[in-house]
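In what follows, structures are represented as structure tokens.
Here chain A shows up in two complexes: once beside chain B, once beside chain C.
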Partner chain A sequence: MRYYEALGLEPRLALDAGDLQKRFYDRSRQWHPDRFSTRPAAEQRTALEMTALINDAFRTLRDPAARAEYVLSENGLEASAQRGKDVPADLLEEVLELNMALEEADGAQVARSLGQFESMLAGVDGQLAGLFAAWDAAPSAGRLEPVRAALNRRKYIANLVRDARKTLETARET
Partner chain B sequence: MAYSDKVLDHYNNPRNVGSLDKADQNVGTGIVGAPECGDVMKLQIKVNDATGIIDEAKFKTFGCGSAIASSSLATEWLKGKTVDEAMAIKNTDIVNELSLPPVKIHCSVLAEDAIKAAINDYKAKGSTRKPAAGVEA
Partner chain C sequence: MFAIDFGKPKNEVVVGIDLGTTNSLVAAMGPSAPFIIPGPDGDPLVPSVVTALPNGDFLVGNPARRALVTHPRRTVYSVKRLMGRGAADIAEERKLLPFKMGEGSESVIQIELGTRTFTPPVISGIILRRLKQNAEEHLGEPVTKAVITVPAYFNDAQRQATKDAGRIAGLEVLRLVNEPTAAALAYGLDKRKEGIVAVYDLGGGTFDISILRLQDGIFEVLATGGDTRLGGDDIDNLLLRVALEDIASEWGEDLTKNLEAVQLLRRAVIEAKHALSVLPRTNVVLEYRDRRYARELTRDVFNRLVLPIVERTLAPCRQAMADAGVTTGQIDEVVLVGGSTRVPLLREAVERLFRAKPHCELNPDQVVALGAAVQASILSGQQTDKLLLDVTPLSLGIETMGGLVSRIIQRNSTIPASATETFTTAVEGQTNVLIHVVQGEREMVKDCRSLARFDLKGIAPMPAGMPRIEVRFLIDANGILQVSAREQRTGLEQSVEVKPSYGLSDEQVEAMILESIERAEDDFAERQVREMRVEADNVMQAVEKAKQSDAWFERPEDERESVNRALNELLVVYHGDDHTLIRVKIEALDEATRPLAETIMNSAVNTALKGTKI
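After this line comes the complex of A and B, so read on.
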């Protein structure tokens, strides 16, 4: 997987943020186009390409959800390939109920809902951390599928957090 | 990205927003979602037992403008159609009507999935549905 190779990493779902940043800085310095300004054109081009790749790799891998999406898409489990029927009906019903409650809620209720959504998000992130560790210990397709399911759920809950925050902000402005 | 006038019209004046009684034997409910954007769409139909025609259609969608417009348009089209005619609605019909750009085609797919899910739910209730007036069980 290119993003991992670009930063000299083994393909793991769980990464240490500090180590990742250090690798990013080291490699950015190593490939900085300024250092190639007197080199032949082909080398200058390589430095530019490497810098772009390193930037993309860091931007993707530093965010656990984006990192997992990357690993899933590299393994043929991208979100866009998931048709509606692959999302569990009870999750959709729950999300629909939560959205409707949010729509009708007053300020205090929205604030409470936001707290509820944030703790749900933290719960999914905790679950993801466990799934990351399981896949890292023994990578297999069977261990990626639960990651896909958890990320789908995370996306819905992250949207609820976003919408609840937006509702509160709008209420504050008016 | 610019939305077409038809998308904006449905987005600003959505038709048939609301809910039907899920427990009603003549109501079919479809709830579908697109995990890549976190959209969720509920579409319901109410079928007249005697005529087999969809009398009412309602939707509730939480998502982008195109998803709202696709489901709003779908409910407009569903009313007055038979269940079989409704089953024949294709996402490409919605794409053409709303001039959806390629990145928003999945919204129309979601609407087609919702129609099919609602019809399937209605049909699944068939075994417990009361027979039409005048027909002995």
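After this line comes the complex of A and C, so read on.
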């Protein structure tokens, strides 16, 4: 997988943020176009391509969700186009409650729902960490499927959290 | 046998240039620190003003700024606000800048000065060439390479236009650097080894905010934001409008259409604005056609007027912090850049927002050029301990069905950045595919800024949906988009024709390279003489005017004689080719008219104090 190779990493779903950042800086120091501006055009081109790859890789890998999506797609598992849109069945009640609160601009209820969803998000993240570790220990397609399901669920909840926060913020400003 | 030691070939100097809306500067790296290269008049700032004289020559900088009043129809300023824009999107600018727009301004503005028209990159090129010449004079060697700064929030077309301006001026632009990032470099903030820094830059025409993480010599921009039509110009315009209304009610005369008067008044409100940065109150004074307008302006009133402008800068600051994922508490230092950050109200607002005392040790209108010189030395390999990692300020997207935007590179992505998309055909035998690329954060194409249309040509005729053309979008280290395409099956590079929505084609730039649009300039001495003559014109015109005043007839006989003598002596040397002699005579005339000028001033002040109109 090119993004992992670009940063000298083994393909793992669990990565250490500090280590990733350090690798990114080290490789930027080595390949950034600024280091090549007195070199021949061909070398400049290589530096540009390498740096673009390093930057794309770092941007993708530093975010756990984007990283997992990258690994999914490299393994031929496209996250579903519907992801983040279907309501997970077990959340239906909470979602309806939040939607109603958003509609009625019921700040107190929105805040309560937000707390609920935030802790759910933390729950999914914990679940994902476990799934990441499982895949890293023994990568297999079967262990990626649950990652995909958890990612879709995470995306959905993250959207709710974002909307609720925005509503509260605009309410606070006006 | 002996060998001749020619020494090591000297590295060619790379200069750093701040091409500002109001002022431009050039700087170079010294043995230990960057330094500003002053112009021949000793001024480190070259006002970004150009006058096209009837004989085909140009005035640049201070002489052109003075000519704003004497030759308002031949002089243009703040042209940076027109870079990379078309007629449809400069409604704001038209209100601000009194220039005449020529035909064919849809994708590139045509500025009419006298009988000729110029595009913004050419005007900027004329300014850049002056800076280049100043640097060559000062350093005693040719200068052909430069780093030029641009507002961080500049879009693709504005960046491309700046690069074109460099080429037109005969400069190879090694890199476009974002102004706030350059300022961070100049402050040498990497000495603190680690931390989060906010750079707030409010200049003459643009506002930028950048949040950076510094670590071991790496300047990593986390997020940037801004407004490319917000700056000191807007304050000036506001004050100008108020003063014009005030004069209209006092004199019963609307001066709005009177270019000369407007420029005089503009100068007066700018002076008042600057004074209010240090004084609690000042006067806006206009003397025009024997009439005098004077109005006191207090800092309180000024603050109330400019508050909305200050507030317009705060939302991008909050957005940039959110994008960077930092809270105010995490910001270790704040840096103020740009002349407009001298306004006390603004300093207070910034301090309150970031809860940190801002840095302003370095001169806010020089710091960007100094940083550009540091970046120039990094590019020429003289400094290897620092590295800038900058971002693209705007998301890049392509038009999809129903006028929607599909985003392919998010804003604040570290550059160079790339994205790959696969395209195919919709009908059988289709041989080309058109891709419309836009920049912006909105969902609809019509709300974003059109960047260019890319025509993928020469696709082999196949059934619909069969060809698979992989298109690579690459934003380079200058923040400028490059597009390439290949057919996946054959692996062949596909030809891509670019139709930029705004800007010049390569051939147009070629035709605008300065040597080809003007008579062969330029002997340095000759230019100095021409400039000095314009200077002399201005002075003589002022003296002739003063001689019409009552004060003239109040002066003693011998004094009037000596003024006339000085005037004649200046006329004698005027057509000679010794600029220093012309300067000496200008100074002599200045000296001779000093008592006269003082009398005129005093009588003006007296009438003003009495509160009566002349």
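In this section, the second predicted complex is superposed on the first by the 148 of 174 C-alpha atoms of A that agree within 3 Å, B and C clash if a C-alpha of one lies under 4 Å from a C-alpha of the other, contacts with A are read in each partner's own complex, and residues count from 1 in each chain.
Everything below uses one rule, namely that contacts are C-beta pairs under 8 Å (C-beta built on N, C-alpha and C of every residue); 3 or more make two chains touch, one makes a residue touch a chain.
Since the model is a prediction, treat every value here as computed from it, not as a measurement.
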{"item": "Partner chain(s) touched by A:F58 [first = chain B, second = chain C, both, neither]", "value": "second"}
{"item": "Touched partner set for A:S119, first chain B, second chain C, both or neither", "value": "neither"}
{"item": "Touching partner for A:L48 - first (chain B), second (chain C), both, neither", "value": "second"}
{"item": "Chain B versus chain C, judged by how many residues of chain A each one touches", "value": "B"}
{"item": "Contacts of A:H32 with chain B and chain C, given as first, second, both or neither", "value": "second"}
{"item": "Contacts of A:T170 with chain B and chain C, given as first, second, both or neither", "value": "neither"}
{"item": "Contact residues of chain A, present in both the chain B and the chain C interface", "value": "none"}
{"item": "Chain A - residues contacting chain C, complex", "value": "25, 28-29, 32-35, 37-38, 48, 51-53, 55-56, 58-59"}
{"item": "Touching residues (chain side chain B, partner chain A) in the complex", "value": "31-38, 40, 42, 60, 62, 106, 109-110, 113-114, 117"}
{"item": "Touch list for chain A against partner chain B, complex", "value": "79-80, 82-87, 89, 91-93, 95-96, 99-100, 151-152, 155-156, 158-159, 163"}
{"item": "Interface residues, chain C side, partner chain A - complex", "value": "174-175, 215-216, 218, 220, 375, 378-381, 384, 387-389, 413-419, 474, 476-477"}
